[in-house]
Amino acid sequence: MRLFISIFMIYLGFQLLSANAVEDFSVIDKPNDNGGAIVVSWKEMVAETEKNFFYQIMIAEQEDGPFYPLEKMAYPLKGKGFEVKGYNKEGEESTLVVPNKTYFVKMKVLNGDKSETTVSESEIISVTTKGNFFAFNKLNSFLILIFLTVVIMCFIVYAQRNPHKLFVRRIAGLDAMEDALGRATEMGRSALFVHGLRSVSEIPTIAAINILGKIAKKIAEFDATLRVSNWDPIVQQVSQETVKEAHIEAGRPDTYKSENIFFAAGDQFSYAAAVEGIMVREKPATIFYFGYFYAESLLLSETGAHTGAIQIAGSDAFTQIPFFITTCDYTLIGEELYAASAYLSREPKLLGGLKGQDVGKMAIILILILGTLFTTLGWQGFSKLFWPS
Amino acid sequence: MNFLKKTLPLILAFVSGWLAITLEYIPHQNSEATMASLTKGLIIIGAITAFMGIYGLFSLHYLKIKRRSEGWGYSTLVIAGFMIMTAFGIYNNGAFMFQPQVEAGGISWIYEYIFNPCQATMFSILAFFIASAAYRTFRAKSLEAGILLVAAIIVMFGKVPIAGLVSEHIPEVAQWLLDYPNMAVKRAIFFGVALGGISTALRIIFGIERSYLGGE
Amino acid sequence: MGMQMKFDLKKLFNLDRRIIYLLIFLSILIPFLVEFDLPIKANKDVKNIFNKIEDVAKNKGHQGSILLSFDFDNASKAELEPMARSLLAHAFKNNLRVIAMGHWPNGVELAKSILNDLAREFKKEYGEDWVYLGYRPGVSILIINMGKDFKSAFQTDAFGKNTKELAATKNIKTINDIDYVISLSAGSGGIEDWVVYGRSKYHFELGGACTAVMAADFYPFLQSGQLNGLIGGLAGAAQYETLLGRPAEAVSGMRPQSIAHIVLIFFILFGNFCYLIDRFYLSKRS
Amino acid sequence: MSNIDTTTIATSKKSDFLVFAIFFSIIIIVNAILLGSGHLKWGLEGVGIMMGAAFTISLYSFLYKDNPLFKMAEHFYVGVATAYLIIVTWYSVILTDVIYAFRDLTKAPFSSSVFWQMVAIILPTLIGLLVYTRIIPRFAWMSKITFSIIIGFGSGLAIPNLINAYILEQAKPSMTALWTSAGGFEWNAIIVFIGVISTLIYFFFSLEHKGAVGATAKVGIWFLMVSFGASFGFTVMARFSLLIERVNFLFHDWIPLIK
């Protein structure tokens, strides 16, 4: 009798299995969301015969129905984490899952043939949706935010107190600047400083003006001539102030001439044409391009190269940098421009920001090296800490 | 008064900055709804401030004309272009400006036959400039410039179909160059751009960077 | 000899720019007049976009919709208009719904004329098969708004019609209800913003079509999957036209493009060859 | 102002005037022939194409020399562009999202939800309008309120999204196995790894470029140059594409030379 029963049970179990009972069926409120989704999971089915079945999730607002069917899913399918965000009631377009509401979910297995008879059905599980107050799946991003905020702000505060204690490496283009100015003095020719086409409040222009101050001071010491071309009247005014101050600092206020900081033209190509005219006529020994440049960079640096001048450029306009590299003797690339400006001006917000970003970069380098190392050794756990949500 | 002029904008920048950050990490439905209405509000603010462009344009060119300063004649053309286009905009093919925009009409014509050729031509001029610079100045003055030029030539040649006539491998080499070494550098630059952007944003939120507010 | 050579080179390089301008103009015009065939082979990034549209069509049919964001204006229409036309033709041919919009105010009229053209060609009905939502300011803010509440971002289309009443937009609650988003981008306010504020936040499928100037910058997005495909420059447009079997401006533009590139490469090589000889003689003399 | 503009204009007046006069009489003759032969029809489209060709050629005249024609076309275009931006903003946002949306709300029966929707339109409109206080210097400070809200909120939004899209999403595919037992060394992954790290080191400003750091930075600059070369090649491609389109316009739409 016992044997009979157990054989019967095995037979029943086999029947159930082949009838595709839904196993490990679970329904939960989606975590880390606005309460607008339900996550349905069930055991993934792998058997060959199950190709002929459809799986269908049914959802209801009351326990006794009516149950609204979702789209039929054919084998093969993923049984993990199927998200339900809405369903269609009869005669209505679509209804969204809303927060703070209880839903009743079950799952059906349907025959794959035309009859679509129900083969088996899971139990009904109820779930109440709710919105969450913190996205734990974004915890890594949040911690990085806190880390960067603390590091950058600390460095800025530190730089305000000790602007000269923070170390910034030498930048090749800056070293070359002095030689180039010396050369201009020896040859008895002028130097030309060309501003980029951005307004005075923007970072590349601010950086350019900081560098201009340094150049002007050297020029005043060498007693040479510096011409500065501008396209914006406000940039022109600020540049005049900067150069004047540099002359005073160098103890040569008498050699400052405001007409050397001139307005060339207000629009892109006319600006290029006007500055080119100066290059051809005056043949400056050294030409500097600092700031944000657009397509005019090509016209300017080509003419400059032809007059035989030493050219030094610095720009964060990545599309123009290739042209500067092939036409100029030295080019400050991207962030090097900001670094040069922070290095020369020692302005706390620039210097602190630069150092803070450096710490960020160091952290990224370390994470990448460790992540690559561990992954190569076959352990992904470390790199998974930094995966996006 | 000093509070209103100097401190209030900094407080507002701080509050709205942290509000945006906080909302990003709260997935709750009320946070989502707040974000939706705030962003919608900012779209409207953005649209309304766009008209400030007229003031900028007019104050610059009106002064030039009034003072008869150099090139003032060109300024009259700017204003003429503006007036003609605006007139068509208000007229709206007879429906006037309080009805939805009517298709075709003067605006489309000016757009297609004046605006379009001007804009398209301005940037195509650069093809000539690049050719001239390529002939006269693009020199491998250093190892670095040399590497740059070689990579440029490979991409320039490998990306046009004529390379396929010479050898199938040239486009593949160009593609490899873009997919791996180029990609690696651009990724490193992305890290730098992100850190730079975050640093600037933090300086704005904490009121250290104030240049966007204009001169004091 | 060295001196003589150097002198000649100087002269050669001081060749009036205008002569070079003329040469480059001819290298564009002549290949237009002389017809010859070029083998155009689509690369994987272009194919990915093509296949994604085919997939949406296969799985969703007319209920499938793609969003085309016209983030460019006349300045780069030479490169992006052929792409826009091919993508639209592809979607219309497969009976997908097209929702168009744009982040660039100066591109509105251009987008309208391209959409009207293609809709007429494929006999598509406005509202049912396609809609044009027009321009809204804000870029990043607009994208975030579209992800939270699509109908608040676009209450009406570009012609003042309510988006709740248009068949193509009626069922779209957030941007996630759109099957595929493609940004046709010519600068800031384009692919980058779609990636940062859209795709990485809301996880919809995003494809990119961009000018060649920007193309090299987007390879990290391709490798990380933040972009599923990329059509870069006129060459990319020609590849898409070939895949679609609908050769147009981009394919015929490949002749002058190829020749002009070769002329330019010759210029660079010739210039550098002379530069090296010049340097060689200079060092020998000293 | 400086003397540069005047000198260029003075030298361009004599001989160049003749060049431009000849040039433009040729354009007029070409247009006349095109009209006479029936290729262009006198009408909105025909005149449009002739206008477009005239503007195109005016702008190309810069290639010969910076000249008034170029500047005239450029300035007219600036005016048209500003007006166009405003027209688009008016019809697509102000009219629909502000005026129409508000009108519809006033028609609806009044409720607290309607009230808040009205506030959601009025408040941003007022904040936006504050920008116009810039016109009156005494109240110009009020415009700072608008700027600080826009820029502050934008900065706040940028931080988490930059971390997510540029740092986390980009770091994930960088941390792959460089060696697998099945495939041996993954050379491409190794190249990417070296490229990313060495470029980051090049842009690292807290260490002097000496020794190992210097060597890595050197590798970084080679990688940078390859990448700039790629950008260079693509930029060239883009500029030529634009020229191709213009040549197609001039010699297909205007003068029927290209089939």
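All chains are identified by letter, namely A, B, C and D, in their written order; residue positions are counted from 1 within each chain.
Keep in mind that, in the parts below, a residue touches a chain if its C-beta (ideal position, glycine included) is under 8 Å from a C-beta of that chain, and two chains touch if they have at least 3 such contacts.
Every value quoted in this text rests on a predicted model; they were computed, and no experiment measured them.
Trainee: Which chain maximises the distance between its CA centroid and that of chain C?
Mentor: Here the answer is chain A, farthest from chain C.
Trainee: Looking only at C-beta pairs in contact, point me to the busier pair out of B-C and A-C.
Mentor: If we tally the C-beta pairs in contact for B-C and A-C, the bigger total goes to B-C.
Trainee: Using mean C-alpha positions as chain centres, tell me how far chain B is from chain C in Å, no decimals.
Mentor: 16
Trainee: Centre to centre, by mean C-alpha position, how many angstrom separate chain A and chain D?
Mentor: Whole-Å distance between the two chain centres: 20.
Trainee: Taking each chain's centre as the mean position of its Cα atoms, how many Å separate chain B from chain D?
Mentor: 4
Trainee: Residues of chain A that touch two or more other chains: which are they?
Mentor: Residues 138, 142, 145, 148, 269, 306, 318-319, 322-323, 325-326, 334-335, 361, 364, 388.
Trainee: What are the residue numbers in chain C that touch two or more other chains?
Mentor: Chain C, residues with two or more chain partners: 13, 21, 24-25, 28, 75-78, 106, 109, 136-137, 141, 144, 156, 158, 160, 200, 212-213, 216-217, 220, 223, 233, 235, 257, 260-261, 264.
Trainee: Residues of chain D that contact two or more other chains, please.
Mentor: Correct list: 1, 5, 62-63, 71, 74, 81, 84-85, 89, 91, 93, 95-97, 153-154, 157-164, 166-167, 169-170, 172, 174, 193, 196-197, 200, 203, 224-225, 227-232, 234-237, 240, 242-243, 245-246.
Trainee: Graph shape for the chains shown, where an edge means the two chains touch. Line, ring, star, complete, or other?
Mentor: Chain contacts: complete, every pair touches.
Trainee: Show which residues of chain A lie in contact with chain D when the two form their complex.
Mentor: Touching chain D: residues 138, 140-142, 144-145, 148, 167-170, 259, 262-265, 267, 269-270, 273-274, 277-278, 318-319, 321-323, 325-326, 333-336, 339, 354-355, 358, 361-362, 364-365, 367-369, 371-372, 375-376, 378, 383, 386-389 of chain A.
Trainee: Can you list the residues on chain A that touch chain B in the complex?
Mentor: 32-36, 99, 131-135, 138, 142, 145, 148-149, 152-153, 156, 200-203, 206, 269, 295, 298-299, 301-302, 305-306, 318, 322-323, 325-327, 329, 334-335, 338, 349, 353, 356-357, 360-361, 364
Trainee: Please give the residue numbers of chain B that touch chain A in the complex, ascending.
Mentor: Counting only chain B, the residues touching chain A are 21, 24-32, 122-123, 125-126, 129-130, 132-133, 136-139, 141, 144-145, 148-149, 152, 189, 191-192, 195-196, 198-200, 202-203, 206, 208-209, 211-212, 214.
Trainee: So in the complex, the part of chain C that touches chain A is made up of which residues?
Mentor: Spelled out, the residues of chain C in touch with chain A are 13-14, 170-171, 173, 200, 213, 217.
Trainee: Please give the residue numbers of chain A that touch chain C in the complex, ascending.
Mentor: Per the touch definition, chain A meets chain C at residues 93-94, 96, 306, 318-319, 388.
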